[in-house]
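Alright, structures below, take your time with them.
In what follows, subunit A forms one complex with subunit B and a second complex with subunit C.
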Partner chain A sequence: MKSMIFAAAAAGMAVSFAATPAPADTADKRIALSNNYAGNSWRQAMLRSWETVTSQAVADGVVAAADAFTTAENQVTEQAAQIQNLILQGYDAIVLNAASPEGLNGAVREACGVGITVVSFDGVVSEPCAWRIAVDFVQMGKDEVLYLAERLPEGGNLLEIRGLAGVFVDDAISSGIHEGVAENPQFQIVGSVHGDWAQDVAQKAVAGILPSLPEVHAVVTQGGDGYGAAQAFKAAGRPTPVIIMGNRHDELTWWKEQKDATGYETMSVSIAPGVSTLAFWVAQQILDGAEVPKDLVVPFLRIDQDTLEEGLADTEPGGVANVLYSLDDAQTVIATAQ
Partner chain B sequence: MTGSRPASALGRLALQPWLWAWLGALAVWLATIAFTRGQGAGEVLTAAFTFGTFFVIVAIGQMFVVTLGPGNVDLSIPATMTLAGTVAMKLMDGDNGMLAVGLLAALGCGLAVGVFNYGLIRLLAIPPIIATLSSSFLVQSTAIWTNRGLRIKPPSALADFATAKLGGLPALALCVIALAGVMHIVLTRTPYGRAVIAVGQNPRAARFAGVDVDRTRFVTYVQAALFAALCGFCLAGFSGGAALNMGEEYLLSSIAVVVIGGTSVAGGFANVPGLWGAALFLFLLVTMLNTFGLGAGIRLILTGLIIIAVIVIAGSSSRKREG
Partner chain C sequence: MSALARLAPPRLLRALLPAVSLAAILAAIFWLQPRTASYFGLNLLLNLSIPIALATIAQMFILCVNDLDLSIGGYVSLTACITATWLNDTPALGVLALLLCVVAYAAMGALIHLRQLPSIVVTLGMSFVWLGLAVLLLPTPGGQAPDWLRALMTLKPPYVPFPIVAAVVFALVVHVGLMRSAYGVVLRGAGGNPRAVERAGWSLLHVKLTLYALAGLFGVLAGMALVGLTTSADANIALRYTLLSIAGVILGGGEFVGGRVSPIGAVMGAMTLTLAGSFLSFLRLNPDWQIGAQGAILILVLALRALINRAERRAP
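Now for the complex of A and B:
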């Protein structure tokens, strides 16, 4: 079932790979996950995905160990110290979700210096010796507007819900949205609030700005904020606009309820938390001696009107629509980048 | 505040420390509706009362803690909210019949955190800031461990109550206005409230005057955790379930509401009406800056500057009062 979603998500990069190299070459290698934050459902799903896939890989003898470490405070200094500990503990590779794109470069360079493979994902690092599995967040923002241009050809007023101010992901998605609006001048952004990727923050911010806005035809979001926006529109007694969702279980559940009741249509896009497992396989491939480009791109996980039921069934309550990546998927991503 | 100084009614009003928060709230509301040419004036106020409610619940507990004197602050409020919300939602599992059980479980979480906090402060002699900060890690981890990011819908009766409106005002806000009234009487008219103020002004003098300082502090920390738990319960009911990061913004806001409301950071002086004024002010301020459509950087800078301005104005007026 999971692979069906992945197939939908990866439709654009259908490269077939039949040959699987023998995994034995990395059987004595140890891989560590250095993670900066665990306090929301996306990160929880990310850690669970890591656990599921790597424990199987360890049981199968693909690698010797794949341990996950999370810092308590989401601080750059703390994660730098954690990476130094991992170096001392002699891991062969560190898979990294970084608290800062630049702040950890010193620690990453130290790791590279002693021959450790560093693969950063989601929160990537700019240090050239590390691999980056990045998300094209700008494209993600733009895709939202492109979808709306199809749905609402006559255009209309948009409310933008942004993420956490000062985080580059927020800037990237937002600039993609603004790019999309510039190319589709039938849309105007009439209001913009920060929802911090959290339903209750988004609900509060939207409830505050709504009374001052004209009719809103669509809400462009960053994920984790769609359900809160829907609640705020309902509380204000306004017609529900097209709200782009972000693959959270509560968002998909709400969408399904509206779809069944009124035929409500929208789309949902986000990054699967299982991207940690993609990073794991990429690290394994590098340790195995594969030639891997330094910059790789993760496919989005997009759910549309006709894949909603399937996506919802595959999303655990409270979680985020997910994909567990396999060795084959990692090889496909690597081949696409070459 | 003794009322012995002869002054006109207006003069006495101008000396009230809570006045500035209310004036600030009024000013930003007027600025907002001036910008929108009156559109949505009532709806903005309703929204302010809706969300101000949650600030006020935690701020009441925080106010009593801050009043205990320098160094007293409860930093475990966000974690307690999250734990209480997640445990209660999980236990009730959407069943209206379990409502009382869920509420009791939430308050039980609060009670446990409060007792634990004060245990760290009193028995291990850890400064309150460090004690409540470190206990908040334990509590937050417990919350993560108990529900792993699950978002369980609240029972329909709780959700209906938390979102109900009576004559334009949210029902929950009306309850919390009543709660604030009760806590105002507790602060100003009961032996416990007077003891908190006495301890905040001078713990040695309070002890000599026969106040049980330890018991007063204990009750205050437990009370703050109970209010945080109650807030987590209500907020989870209001926003359609508990989330692991639901308490995040209540750490600084709970302190900001207390201080802007005219309670002295140095302890010993507190007032309840200012909490409502400050909660409305904070929400309306963000709404105003959002409505103006300013960028995030400028919004944050202006938020900081305006909060400093209100505190300075309120502070200088209270110095005049004391001097």
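Now for the complex of A and C:
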């Protein structure tokens, strides 16, 4: 029986799996999700996506277990301890959204040392023995400015809302934005605040800096901060600039209202929180023995003026526009990387 | 209570409480996850408690003179960043920078004493300075642990896992220095009754300088140990240590006032706190409840201690 499953799995690898996943070679494998933070809508959606996809996978017998663990506090030391605990709990693979690209390398190396597959995504780790499903955050920041260059050919003043200080995602998106501005000198960044990817923080920060700023033509953001920025501009009685959105439900709803009322135009870009499910399938493929390159790239989820209604319909209230990835998607991503 | 007091004097009970809490939580973990009851398991379970234990000892020196250090987390982050950058690339510069950190800590103690400033305010302010320096040094996470440090922290001594060896060594060294030496008595006395110590001819400034310098030294050791484990640093890496270290000292039998501290207890308190996190994780407790549960464990131990203290007051 075991050899039959083995043969089926081997055949499956060669011709890709059928639509209904057969009990794979990974049926007795246990996968854990190590997550460092759950305090915003993106992370909540990420955890829900994981739950939806993996509970189905467990029910189908693809893997034995796929448990999610979140640290109580978003700290490197907490997550390193958590990973070491997961090693002790005997998981076969750890899917990881890391608090720091470097700080967890010691723990990750411990995991690799006992033969555990480590797949990091979104917040990836630099330890060479781990797999990385990275987001090109620099390109994401640059895309925002490129869009603005199209929208406002004569250029103008930009307000930059950054994320959580000291987190590399913040640095990466910001450096992309600055790169874009350097290539499009018609734009100047006249102000920069930290919005911590949260609407209330962004609103306060923008309200605080607005009185000191000249006219702002556009706001470049990192997601989770566009709605707060819009509210701050409204409260200050300033004309609403072009605010780049980050796929959050409140942002898309506000955009839709403005679009219907005044024909307001912008764009929205972020990473689908379902990327956790992509990481799950990649881990499953690695456990199954597939050849997977160490570095994979996730596509952005971008919503434009014409796809707004569609995107909004697919986003649950309080959530983020999302895509749940399937085994086929994972195999496509793996194939394109090879 | 009096029968209990006769069987075991409250003072003994009080000294035993940290050890009993540690043993209880360790037993619970072994029961939940038998895999941990091995050399490999104990190593993984306890290695991250070494830097916490060192930071806790640092905090204990400050609590010894009734001060509170809210900057130790930022300070350990900074020393971790120095270790992962300068100490690795240009060891001489790294050693110099770490020494300067210790001097700065001593100076902070002197400032607090000379200007009679509240330590909470000064250290809270300094925590931003440490963090700012750490961000300047390492704007994005990175750096690399010196090879010798990495080798030291991943040492596999025979029979007893390295974290346990390290904990015992540090606890004993500080115990002998602070609890058994003559000057150690003066240091603790300065927290218990500063006026008496001053009248006896000891300089309180000297006491504070010594204790803050020792705290700075152990903060440096904590940062180095942490980088040896994580292999690289991050400006935010140890921010949690501020509160963990205070909780560790108190859990280990220390008091906020009166120079009542225990180095061995502090190390055990730090390990208990680390293990409490693992215990809750093995329990598969919802993360939303984990901070609360960690707090509940703390309250439980402190409630037990309050009971013992009450018995101690009643005892003749």
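Quick note on the criterion: the second predicted complex is superposed on the first by the 315 of 338 C-alpha atoms of A that agree within 3 Å, B and C clash if a C-alpha of one lies under 4 Å from a C-alpha of the other, contacts with A are read in each partner's own complex, and residues count from 1 in each chain.
The rule is short, and it goes like this: a residue touches a chain if its C-beta (ideal position, glycine included) is under 8 Å from a C-beta of that chain, and two chains touch if they have at least 3 such contacts.
This structure is a prediction, so every number in the text was calculated from the model and none was measured.
Touch criterion met: A:Ala72 reaches subunit B and subunit C at once. In the superposed pair of complexes, A:Val193 makes contact with subunit B only, with no contact to subunit C. By the document's definition of touching, of the two partners only subunit C reaches A:Gln82; subunit B does not.
Residue contacts after overlaying the shared chain place A:Gly166 against subunit B and subunit C alike. In the superposed pair of complexes, A:Ala38 makes contact with subunit B and with subunit C alike.
By the document's definition of touching, of the two partners only subunit C reaches A:Glu110; subunit B does not. Subunit A uses residues 38, 72, 165-166 to touch subunit B in one structure and subunit C in the other. Remark: subunit A residues 38-41, 44-45, 48, 72, 162, 165-166, 191-194, 196, 198-201, 203-205, 207-212, 227-228, 231, 235-236, 249-250, 317-319 touch subunit B in the complex.
Listed in rising order, the residues of subunit C touching subunit A in the complex are 33, 35-36, 40-41, 44-45, 47-48, 51-52, 135, 139-143, 226, 229-241, 274, 277-278, 280-282, 284, 287-288, 290-291, 294.
Subunit A meets subunit C in the complex at residues 38, 67, 69-73, 75-78, 80-82, 84-85, 87-90, 100-107, 109-110, 114, 126-127, 165-166, 168, 171. If you check the complex, the residues on subunit B that touch subunit A are 32, 35-36, 39-44, 47-48, 50-51, 137, 140, 144, 147-152, 163, 235, 239-241, 243-246, 248-249, 283, 286-287, 290-291, 293, 296-297, 299-300.
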